[in-house]
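Note that the chains take the letters A, B, C and D in the order they are written out, and that residue 1 is the start of every chain.
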Amino acid sequence: MDATDLVGLDLAPDARTTSLRAELAVFVAERVIPAEAAHHAEVTASGDRHHHSSVLEGLKAEARARGLWNLFLPDTEHGAGLTNLGYAHLAELTGRSPLLAPEATNGSAPDTGNMELLHDFGTTAQKDRWLAPLLDGAIRSCFLMTEPDVASSDPRNLATRIERDGDEYVITGRKWWTSGAASPRCRVGILMGVTDPDADVRGRWSMVLVPMDAPGVRIVREIPVYGRYDGHGGHPEVALDGVRVPVSDLLGTEGGGYAMAQARLGPGRIHHCMRAVGMAERALELLCARADARSAAGGPLAEKGVVRSWIAEARVRIDQTRLLVLRTAALMDAVGNRAARREISAIKLAAPATAEWVIDRAVQVHGGAGFSDDTPLALLWSHARTLRVIDGPDEVHAEAVAERELRRQRAGRGTA
Amino acid sequence: MDATDLVGLDLAPDARTTSLRAELAVFVAERVIPAEAAHHAEVTASGDRHHHSSVLEGLKAEARARGLWNLFLPDTEHGAGLTNLGYAHLAELTGRSPLLAPEATNGSAPDTGNMELLHDFGTTAQKDRWLAPLLDGAIRSCFLMTEPDVASSDPRNLATRIERDGDEYVITGRKWWTSGAASPRCRVGILMGVTDPDADVRGRWSMVLVPMDAPGVRIVREIPVYGRYDGHGGHPEVALDGVRVPVSDLLGTEGGGYAMAQARLGPGRIHHCMRAVGMAERALELLCARADARSAAGGPLAEKGVVRSWIAEARVRIDQTRLLVLRTAALMDAVGNRAARREISAIKLAAPATAEWVIDRAVQVHGGAGFSDDTPLALLWSHARTLRVIDGPDEVHAEAVAERELRRQRAGRGTA
Amino acid sequence: MDATDLVGLDLAPDARTTSLRAELAVFVAERVIPAEAAHHAEVTASGDRHHHSSVLEGLKAEARARGLWNLFLPDTEHGAGLTNLGYAHLAELTGRSPLLAPEATNGSAPDTGNMELLHDFGTTAQKDRWLAPLLDGAIRSCFLMTEPDVASSDPRNLATRIERDGDEYVITGRKWWTSGAASPRCRVGILMGVTDPDADVRGRWSMVLVPMDAPGVRIVREIPVYGRYDGHGGHPEVALDGVRVPVSDLLGTEGGGYAMAQARLGPGRIHHCMRAVGMAERALELLCARADARSAAGGPLAEKGVVRSWIAEARVRIDQTRLLVLRTAALMDAVGNRAARREISAIKLAAPATAEWVIDRAVQVHGGAGFSDDTPLALLWSHARTLRVIDGPDEVHAEAVAERELRRQRAGRGTA
Amino acid sequence: MDATDLVGLDLAPDARTTSLRAELAVFVAERVIPAEAAHHAEVTASGDRHHHSSVLEGLKAEARARGLWNLFLPDTEHGAGLTNLGYAHLAELTGRSPLLAPEATNGSAPDTGNMELLHDFGTTAQKDRWLAPLLDGAIRSCFLMTEPDVASSDPRNLATRIERDGDEYVITGRKWWTSGAASPRCRVGILMGVTDPDADVRGRWSMVLVPMDAPGVRIVREIPVYGRYDGHGGHPEVALDGVRVPVSDLLGTEGGGYAMAQARLGPGRIHHCMRAVGMAERALELLCARADARSAAGGPLAEKGVVRSWIAEARVRIDQTRLLVLRTAALMDAVGNRAARREISAIKLAAPATAEWVIDRAVQVHGGAGFSDDTPLALLWSHARTLRVIDGPDEVHAEAVAERELRRQRAGRGTA
């Protein structure tokens, strides 16, 4: 640890966060988690996996009434005005029920990142049209970034074109893993595409707002995750065939797409990691409950040495991961997202891996029930597993952490 | 290795197996694997995930014409008459396409185990009614063993009753993970239940044949695996509410259920393990192809050190696992299934773990495509993962291996 | 994380610790580490592995002059008066050179624990005779606890007797892994033995002070660690054959041994863990330097993907482990050693494992040089590896963490 | 598995090997292992770690009398004339006591490789002078290959010069990890050096025979392995300062060094792997015995779930590794060492890793005794650990396996 590494070590929540956290903990434990089954039943009965359940709408109303709404937004006018550290303490709790809690508190991806972009870069007209209903939970949104058939970890591979034609942009391309886009509640997408193919990495891409009902926008197919077609709008492949939007739908400046994407990714990644800690805690809770309830070969599973060794390892892994996530959040507060980007890469490696490990052990303790949807474990697992690819695969983040460490060590040796 | 451990070390296939293996390899590579997409499309278009595709039926006809039919049955009249070792060399190849190849060659679980039970214990009438069409590939079957809410690794937990009432048995209980039962082609189940609740472990259970259209047999629900509802009849929960079958539908003797289940499990487990090796090989093949085809950060993935380390580890793991599976098969041939049961436990630990590891690395190399069904990897993964629970969770098999090893060591020390 | 888990989250050092830390960092980097080779050479030349080198004595004088002396002692009169958190920030730095830095700053095990016992429980006479010269660095001490042929993780197995005979105690037994006892500078041992064999666990054991030159105290043999006979007094087996000490040499109260041992273990364990973090950092530093300096197969090792993945994983593991250690120290400050004992078990699991992992990768990057003593890695490795047994093997600590977690979860479910 | 992969699958020993194996098993179990303590005591008492004990000399005489001598040599005149497969079955047994059994049966590294080189490439005079006494067990030898400060995995880094000067070669350079060289019984070394610095890789190096008492040969220092200075001649660093040998001491042809080194490495590597399997078996035996003998927390360690899971995993790993080693040996017999070199790389990865894993668990079950030399575990561990570097570090072998696999897959796809 360098002398400069002594910043960002106070990980305690402030008084307001402590209070919000206590309220959110109660809300998630007493209202959200008990409602999961009813939501699931309502969606199943509707015959439409993207059905927006009255259960969820009720939870939203309740969260709002309790002041547990838009907690993610650092802005104090529209959001809770929390620091990254403060939000980390809260977001973990929503990760305990990834199916319902984030949306119930209006803190789902990709809406949060989209709202931040609109908040930071949107014109007044754009904010009125899209940010307001998003902050209100009236609509949802998607983020059109990843493309099939290219390695998305490198934006240089993106091929979707945004071409100026008079007062309009014409968009042509194909996106996938466009989470949420298949829901009728998803009304707008933020699309990243190439405006200037001759520009270098900084000026090449722009972002435009695309109404999902614009002519030429088409859901090609939904993509399953390990065979599961997710609700809440799923993860479709979206074709954009000559979609025309007015130039006023440009978000920020032309050529500013890369910088905005970078700005968006930092918080997005840490939000995923915060929730991953909560997912791991939920899994450990289920694991312990099952270990107490189920007997085999002469005694409860909770008395089997191997199961106990998993519980101990889970506890240690989760506690370490939470501290690293909190510390990264505190560091972002202290030095900014960009200076903390290697620490963000580090938690992007650590948190999904921890969640995946704990969830998988919980599945094993549940036997066949662990694979089924009789518990949330199978869903939690696929969330955790996909996080090892989403927003940059593990290998890309490891590479970034290693490169930084080598440079740091060289500097320490005076050989940089 | 003890002196007694020198048996079962000739792992080479005999001439006939070598010949069958070459033919099966061509069939799987040139006919089955290329047909996966067409089968998938036909099932999807049918709107019924249990749709029995013309693609599959065509493959069955072709396999039969090529003499690649009922390879699993050691009986030379109805089957290929192969040793366990011989079949191991073949079954691996069907594992390369678990979606199609086992059924195309009439070697799917649970039909194989059911056919063996009928072959070994069935009356002439039972064989005529059920074994003949099963061997013919005209119908399918299920095995009603596992029950919800109890640890199925211990049969003492089974609660389903088979009560004699005059010339009939009355069956009451609930089963789940009844693979295949939701297909209309599934016409019969072999059900394990308690006939004598006062008897000890050996005389407590019996098996009866249950036509799936018998009154009182009801598919309660299908159970997803990591969110995926499998085709081919899925894995339903089945209620048996006062189902009546004539006493002539008893399989084997009353009270003989436990012994028959044990007899069935040995080959069943090794068949799973053989196919798991093939699944791992398929995954490694896909991994290498993707690593050659996809570039990131300045070069093909096949040139990245971490990806290469995975390829090497996969190669070493697969080769070790195959040898252990082959050796266990050879040992079963030499000393019998019962004497080799600890070795069967050992491969039940090793083979699914190897397959899961390799498949997961292949998924990672594929990024988002790895999660989708654009490759077979997601399906392969869930097969491999569930194998760590099906037919006894890893922990139960590890316990068995450990107990045997401790006894063996004590005997070696003269302290047993 | 429970509401009660929000204590002990401010991990930042206070101003005084920050200042001491900066000075200690310079001392270790510029004075201690560069002196390792000279110390090693002087010891080798002396022909006595327990030789107390002039190099080390010089470092001690220098540390004292710089105010870097007795940092471990919370007492402000004789020590630095730091909190556990404060000391954790410092002790990590001494772990970077476990061969010299702890003793150079008078913070070696087992002296630190012994000084704490004397400080807390010693009579004035005991303090004058033994604590003063220990605090002064004039003598060293040992702790006679572990016994051969029994599982020392359970004190109930201890057999050494302390029998009252008039005004004397007569001690009979055998101890081993008595670190430091073979040095002529080791003048006193604190011995734990049974005073009342009929008492239960709380009143059974007592501690007495045993001068190492007392008749009947005999170094039976020194015990190597992975073949290495350590210096600094090694780890001998010590026979106590009717050793007589006056009753005034009782430490604390008769029957109070267990409680004192528990009191001693908490800080001792966390000190080991703090240093383990420093050991891991030193290893990562050496790993990176070597990876930059050594080329193979066409380029520096620092450009090989596998080596880079190790560097990234090392960085993430170390950072997580440090945070867990700091947090445990802060928790000890907030709620006391006893209430934090499960967290101490958790870091006892995490820190040695992290250190061992990083050191082993560093060894691998060094090839043959990594095994030799041309780098400190081989010595660091054996320190780290033995920490997984010393003061309770991993399995015992995992058991404790699991038991606490299960209880905590039951309480959360209201089923405790 | 390709069709070509069906060769080398008969792993059973032939009748003669079976007979030799039975005799060797008895010899190792009843004579060698029980003699380890006496050998250790005699060496310790001698004050010279390289002392050649009468215990060992007695074992040698006994092995010879029993026909268990020079088993490694495929030549039937001077050796046992076994295949690689046959020798694999035997060499495993000598790995159970690496301290004594290999030398007792005249099968120690580096003598075996040196004897093979002399046998295959030596002149009659060279054979008379050096091969005869080596085969007789009268002297020992060393192999001067590795050099300090360069990555030895690539021979292009070797700098030692062998310069022709009239009828003599003049050798100048420095070697290290020259196992055995510090023993007075070591009379000759085979040295690899550069004869033609301008030649390419095939013609650059030569091997010469260097009597250890030749002027200019100097043991610079012995190098410890994890702090242990091994006996049997240790692993010294050797300086060669203008050492002169007659040109008749050239082994094979000038420029033929690389080819000879390659020829030597194949069998050498597999011998290490064979013994590593035996080391793992010995460790598992000790682990089980300790688990039965030692109790903690209310019962024998053999009843603890975690210990049992280690036993099971050890059993599975060892069995898999043995099969892979046997299969590689059979493949070497079938297709030659060169064609099997990737399989040799594969076992070089697998066998030391398995041995290290099992030994480390056995150490943990032994607690402090596991670190000491009261059991052979600490010594076994360092053997296993160093094998992950010796004869090519794991990473180099993994690279070779990956490259071959990628080529194989490309060929299978028709894209090579």
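Everything below uses one rule, namely that a residue touches a chain if its C-beta (ideal position, glycine included) is under 8 Å from a C-beta of that chain, and two chains touch if they have at least 3 such contacts.
All values reported here derive from a predicted model rather than from experimental measurement.
Q: On a CA-centroid basis, which chain has its centre farthest from chain B's?
A: Max centre-to-centre separation from chain B belongs to C.
Q: Quick check for you: after a Cα superposition of chain B on chain C, what is the rotation angle, between 0 and 180°, in steps of 5?
A: 180
Q: So how far apart, in whole Å, are chain B and chain C when each is placed at the average of its C-alpha atoms?
A: The mean C-alpha positions of chain B and chain C differ by 53 Å.
Q: Please report how many Å separate the Cα centroid of chain A from that of chain B, as a whole number.
A: Each chain reduced to its C-alpha mean, chain A and chain B end up 38 Å apart.
Q: Just curious, how far off is chain D from chain B if you go by their C-alpha centres, in Å?
A: Between these chains, centre-to-centre, one finds 42 Å.
Q: Please list all residues of chain D that touch 2 or more other chains.
A: Residues 304-309, 395, 398-399 of chain D touch two or more partner chains.
Q: Flag every residue of chain A that touches chain C in the complex, lowest number first.
A: 1, 3, 6, 9-13, 18, 21-22, 25, 92, 281, 284-285, 288-289, 291-292, 302, 305, 308-309, 311-316, 319-324, 326-327, 346, 349-350, 395, 397-399, 401-403, 405-406, 409-410, 412-413, 415
Q: Report the residues of chain D in contact with chain A in the complex, numbered from low to high.
A: That would be residues 304-309 of chain D.
Q: For chain D, which residues count as touching chain C in their complex?
A: 146, 148, 151-154, 176-177, 223-230, 294-297, 304, 306-307, 364, 367-374, 378-379, 381-382, 385-386, 388-390, 393-396, 398-399
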